[in-house]
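Listed below are the structures to be examined.
You will see two complexes here that share chain A, one where it goes with chain B and one where it goes with chain C.
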Partner chain A sequence: MIRLGNAATIGLMALSRIAQLIAVILLIATFNFVLVRAAPGDPAQVMAGQSGASDPKLLEDLRKEYGLDKPYVVQLASYLGRVVKLDLGYSYRQRRPVADLVLERLPATLLLTVTAFCLALLIGTTLGALAGLAAGTVLDTVFTVLSLVLYATPVFWLGLMLVLVFSVTLGWLPPFGYETINVKLSPIERALDVAKHLIMPVTSLAAIYLAIYARLMRSSIIEVAQQDFIKTARAKGLTGPSIVFGHMLRNALVPVVTVAGMQAGALVGGAVVIETVFAWPGLGRLTFDALLQRDYPVLLGIFLILSIVVIVLNLLTDLIYKLIDPRMTTGAA
Partner chain B sequence: MNRREFTQAMLAAGAALPLGITRAAGQTRGGTLNTIIQPEPPLLVTAFNQQQPTLTLGGKIYESLLKYGADLKPMPGMAQSWEISPDGLTYTFKLFPNITFHDGKPMTSEDVVFSCMKVLTETHPRARQNFARVASAEAPDPLTVVFKLKQPFAPFLGCFDCTSAPIVPKHIYEGTDFRKNPLNDKAIGTGPFKLKEWVRGSHVHLVRHEGYYLKDQPYLDEIIYRIIPDSASRALALENGTVQLVQWADIEFFDVQRFKAQKNLEVTTKGYEYFAPHQWLEMNNRIAPMNDKRFRQAVMHLIDRDALAKRVYFGSAKVATGPISSKTKFYDGKVKRYDYSIEKAKALLDEMGLKPDANGKRAEIKYVVPPYGESYQRAGEFFRQSFARVGIDLVLVGTDMAGWAEKVGNWDYEMTQNLLYQLGDPALGVARTYVSSNIKKGILFSNTQGYSNPEVDKLFDEAAVTLDEARRQELYSRVQQILVEDVPVAWTLELEYPIIYDKAFKNVVSTGIGSHETFGAVYKS
Partner chain C sequence: MDAVRSFLRHPSGMVGLVVLLIVVIVAIVAPVAFPVSPWEMVSAPFTPPGEDGLLLGGDTLGRDVAAGVAYGARVSLVIGIASAMAAMVIGVTIGAISGYFGGKVDLVLMRMTELFQTIPAFVLAILLVATFNPSLLTIILTIGAVSWPPLARLTRAEFLRLRNREFVEAALCQGEGTLRIVLGHILPNAISPILVVTSLTVATAILLESALSFMGLGDPNLMSWGFMIGAGRTVIRNAWWMSVFPGLAILITVLAINLFGEGLSDVLNPRVSRRRS
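Moving on, here comes the complex of A and B:
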């Protein structure tokens, strides 16, 4: 009964969230549009500036082509019209549809960020749980210091140091790029080649997430360990592992899931710094370049996708809460 | 041009003819050149985008009628010879036979006329100004192009390098919206290399154009341009041999010196003669105290430009003496010199009434730091220290590319730094910064500082249409004297960007266009 009720509530909640989602997306699209235009600068000027030559005709042509010669309201209406049709628009600067630009960068970004995220989540929560269970011991101190150091390390510095050690000094790993260019490889060889290129960017990126999850998990475990239900479990005569896996971990994971859900949205946006240091052809770099160039269609397209992903992930996070902790469904929590 | 000069030009053309088309001993076929392109260009069609990376990459794909040597003299490009009528109004170019586009179609004089008169006048700001001087362009036979000018324009022969007049295929663009043509992605030109693959964010892969018209060229099989956004990673790529060539600002100035010690690499500052990047501290002449000539002269005295060249640009620069670079035609070094002298600067400021207050402060000026790399930031810091020595607070204002372009283009700044290419001739690359007809709000790289002097306007105008070189020198010498006295901008340095390449590659720098060259003659030993 309780399980059926739980499923029905989840279903209803999902439906109501989807209805909200559409309204929120349109609102966000409008906000993105206003925000992007609020920044000083004009894409036509940037393009003319980078060409080292400029004349009134060039600026006029570019503004006309970009649709910047029309009033703001008309531009906004035309943009929202495209959003409704799920059309991300066209980058006049790169002369390609925004959807193409985003889609060709997305796999590299997802490979990098999802790998780093999963690794960080797995290792971080494990280390955090071990530290929490061993609170006050030398092991706890070592883990805590290590996670603090990782958290405080600038990600670009860590990346460059890894390159210095593993590429320059030892020559074990390729210093940058997504794969070896201009060689013929079998699918397996190619996968291994990409994996080799992936090691250092993933390590750099995972380090900071890992530290966050480890610290969060440690404090969460310590807090849960002091709860009455753990004392009850012990009183029932349960042993260490069944308390840890059956009771503590499930409860301790709630704050980790909350934070992970919030951070997962950023994963799609890519990791600008890491993508720059390792010349990784991802979405973060595309976003950064588009921002510098004031490539409005690309920026708006990426922002829209990110907004949708964040909303969907929040929805998923809420659903995962219910699965981890059924009390949340009934409002008892 | 008089008869004697005309004959000399013809002889030069004839002498240059064999340069590119014979295969000297030792030139071998094959090999891959790995290099860098930074930032990633938005597209590769140089007729539609003239950003530096587009020109570097597009220079291998698109060609024009001529090239220019380090001495800026014209050399054969797709034109094997050329003639100028004695009245300086008719230019006749003879093309090499058997030139083909990458799609296999022949390139003829019709394509040249179409590119110059229909496409470039629509899409290329510099070419638009040059070809606006043409009364008619004709293609009497497939290998002959004739341009007739409305009035003489002395540097017209300097308007045909691959960056100023790239030739595009008429059969692809005629009757279409040029900028939106779906074949822009294919980048079809006549150059020695054609586009094989462009993986955005990763690399651009060019391969040999098998139908190239110059015998045996190109020697290389392929060129791979890698996109490496981080400057430290770019330096590393050069150091460990991942790439064998870097150009322009790929390597930060502070990193250049260490590569001179790397034995397998050649570091040269040659190959920028046509562009001759000229840098200055730009002062908005409309605003006090910059509207006073004495203030601007004081600025010339208070900046130790030798130290700027050594400390900020690590020797990759030469002190500029005036508006024309020493690498550009009609440079005249016999002008007033502003030595580094804090005392002279203070005296000029005192004379104009800009005296220090009780705290020793004379003025506060906002300096917009151009967002084009670390060296610009360092130069800003250097200027701030220099101005502080005479009691002027230079407040550094940070911005991004869009913000800088908007501020400078709309005259909404007090001071900044600027850099322009000289394009081989003062009429093409220098006059635009100083003539009052080019004070155009909203337009970057115009006379943005707002300097106006009728005598300067007259001299530049006359020099542009005068064919006699000696007379042109007189006019430009006079204009240099006036400008150096007036200091519309404070010229700082002639930047000497490096081209650094693996010594195994030969002929990398063979003209004044350097890394924008076609690279057809580059080979690996």
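Moving on, here comes the complex of A and C:
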């Protein structure tokens, strides 16, 4: 094996992951293509949606535009060509290109998911580590029961219960939306206003992952604590905190980060439901509206873009993983 | 029988089983306990819990929330169990082929599994149900189609572990066919972890179904917990009971299944990790 520096390894890995990303995007686009053909009704009707299907001229235009009389292979090739150019089709309900609709909603969804992801990882691993270090105590039992309950709670229901308590009953937090409308605010006030609106959606989305990461971190810490290198560290005369921070946390984090990456897809799916609960103006809300109107091109576009988001989140956790995996830094991997 | 006996001594597993049995009984007796359909109006709109003979209150149209919760148990259990079965069939088939044959087949199938595990399953489920129109069957097949990857990976790992054992070689020497070896010899030895993960899949399937029907993608003819919460969402200021009780029903059912599944796991195969992926 050629030994590479850490930076070079990460660079190479990032390159191969980008190649993978492109392959996956094309696969998902192909899947979308097949799905439209597999749907009941002819593809032009599916793309036009319920409202457009009664308009013969629109249907004729669509057939021509998508070359629906040509062989499937030609249709697929031209479709993939469009996707690469970020042309995701046209929403006949909203009378706008799908790419515009999806991309203008993306920042709100990213704000929600990335904040929830980071908080869940940060708080989950901290609580899990505490529970693991205190294994067998009351604190540990409380954490375990709490995470079991959170793990069984539907995210959208948790969101509604937060609204019930913190908006309806206590009146502390705004029940829905992204920001207060019709008020003039300085940039800082506006950021605080958005943050206030963000609290409940993020909490309900992060809760279940927080529980998962906490449980994982707990068992991971317990496992690491029994390993020889910890005993060695103790034998060397290192004390509590320096063992925990210098040796245990980094090792215990590895499996948690692996799972966190695998959970990214579920997190994004959860965001779709949470946005519906809180009228958060992101892709989830767009999904809900598109579903009501059976706006099919928009649904296909959302699926493609959210899949890309998940793969990018995966890439990021992979990078974190390589940075914290102790075997990587010695160059022995 | 040892397994049954040690399960009986597993406290949290038993709690799960007992609660689960209660949910099953509620589902079975729903038509007897609530002879009036949950879609029928039985009182004034927004009847609070306890009034007018409605234990859990009435909804925006004066329908009985308690009847909805009881009938919802049927939908959740049927969809949860049937889609976990579907996921098991898909996952075990793919995992078995992958693990038994190995090589290029394994590589291709595992890449496909990873892809399915990466993409946002819930968004795919929305797309599939919207494409083929929501009905009991399409919802079950859709949830099955997005829930199989963990089962495939588990089955593959078990097959990799078992395929070079002596009893497989003995069967090969006796000239038994591939299908017979896979179904008759390897699968029975891999079945207990598969059953554990399938039972846990029932829980995630129920959560997935509730989210789908919350988004308006439930079977329009069936009263389900997710649909009830969705209907209560906009009136939560006036009628908290419309969304609180169906949600509690989901929480309790899913928690019971998870406790039961983990108890099963501890009893059947202590070596299998409890963490889910």
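Here, the second predicted complex is superposed on the first by the 207 of 333 C-alpha atoms of A that agree within 3 Å, B and C clash if a C-alpha of one lies under 4 Å from a C-alpha of the other, contacts with A are read in each partner's own complex, and residues count from 1 in each chain.
Just so we're on the same page, a contact is a pair of C-beta atoms (placed from the backbone, for glycine too) under 8 Å apart; a residue touches a chain by one contact, two chains touch by 3 or more.
All of these numbers come straight from a predicted model, not from anything done at the bench.
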Which of chain B and chain C A:I10 touches, first, second, both or neither: neither
Touched partner set for A:M161, first chain B, second chain C, both or neither: second
First (chain B), second (chain C), both or neither touched by A:L299: second
Which superposed partner A:R93 touches (first chain B, second chain C, both, neither): first
Which superposed partner A:P40 touches (first chain B, second chain C, both, neither): both
Partner chain(s) touched by A:V277 [first = chain B, second = chain C, both, neither]: both
Which superposed partner A:V254 touches (first chain B, second chain C, both, neither): neither
First (chain B), second (chain C), both or neither touched by A:N314: second
Common interface positions of chain A, toward chain B and toward chain C: 39-40, 160, 163, 168, 276-277, 291-292, 294
Of all residues in chain B, those that touch chain A in their complex: 32, 39-40, 42-43, 49-52, 123, 125-126, 128-129, 179-180, 184-185, 199-203, 205, 222, 224, 226-230, 232-233, 236-237, 239-240, 242, 399-407, 409, 420-421, 440, 442-446
For the chain C and chain A complex, residues of the former touching the latter: 115, 117-124, 126-128, 130-133, 203, 207, 210-211, 214-217, 226, 229, 232-233, 236-237, 240, 243-244, 247, 250-252, 254-255, 258-259, 274-275, 277
Interfacial residue positions of chain A with respect to chain B in the complex: 39-43, 45-59, 61, 65, 93-96, 101, 104-105, 108, 160, 163, 167-168, 175-178, 181-182, 275-282, 285-286, 289, 291-294
Complex interface listing, chain A residues touching chain C: 24, 27-28, 35, 38-40, 148-149, 151-157, 160-161, 163-164, 168, 215-216, 219, 259, 262, 264-266, 268-270, 272-273, 276-277, 287-288, 291-292, 294, 296, 299-300, 302-303, 306-307, 310-311, 314
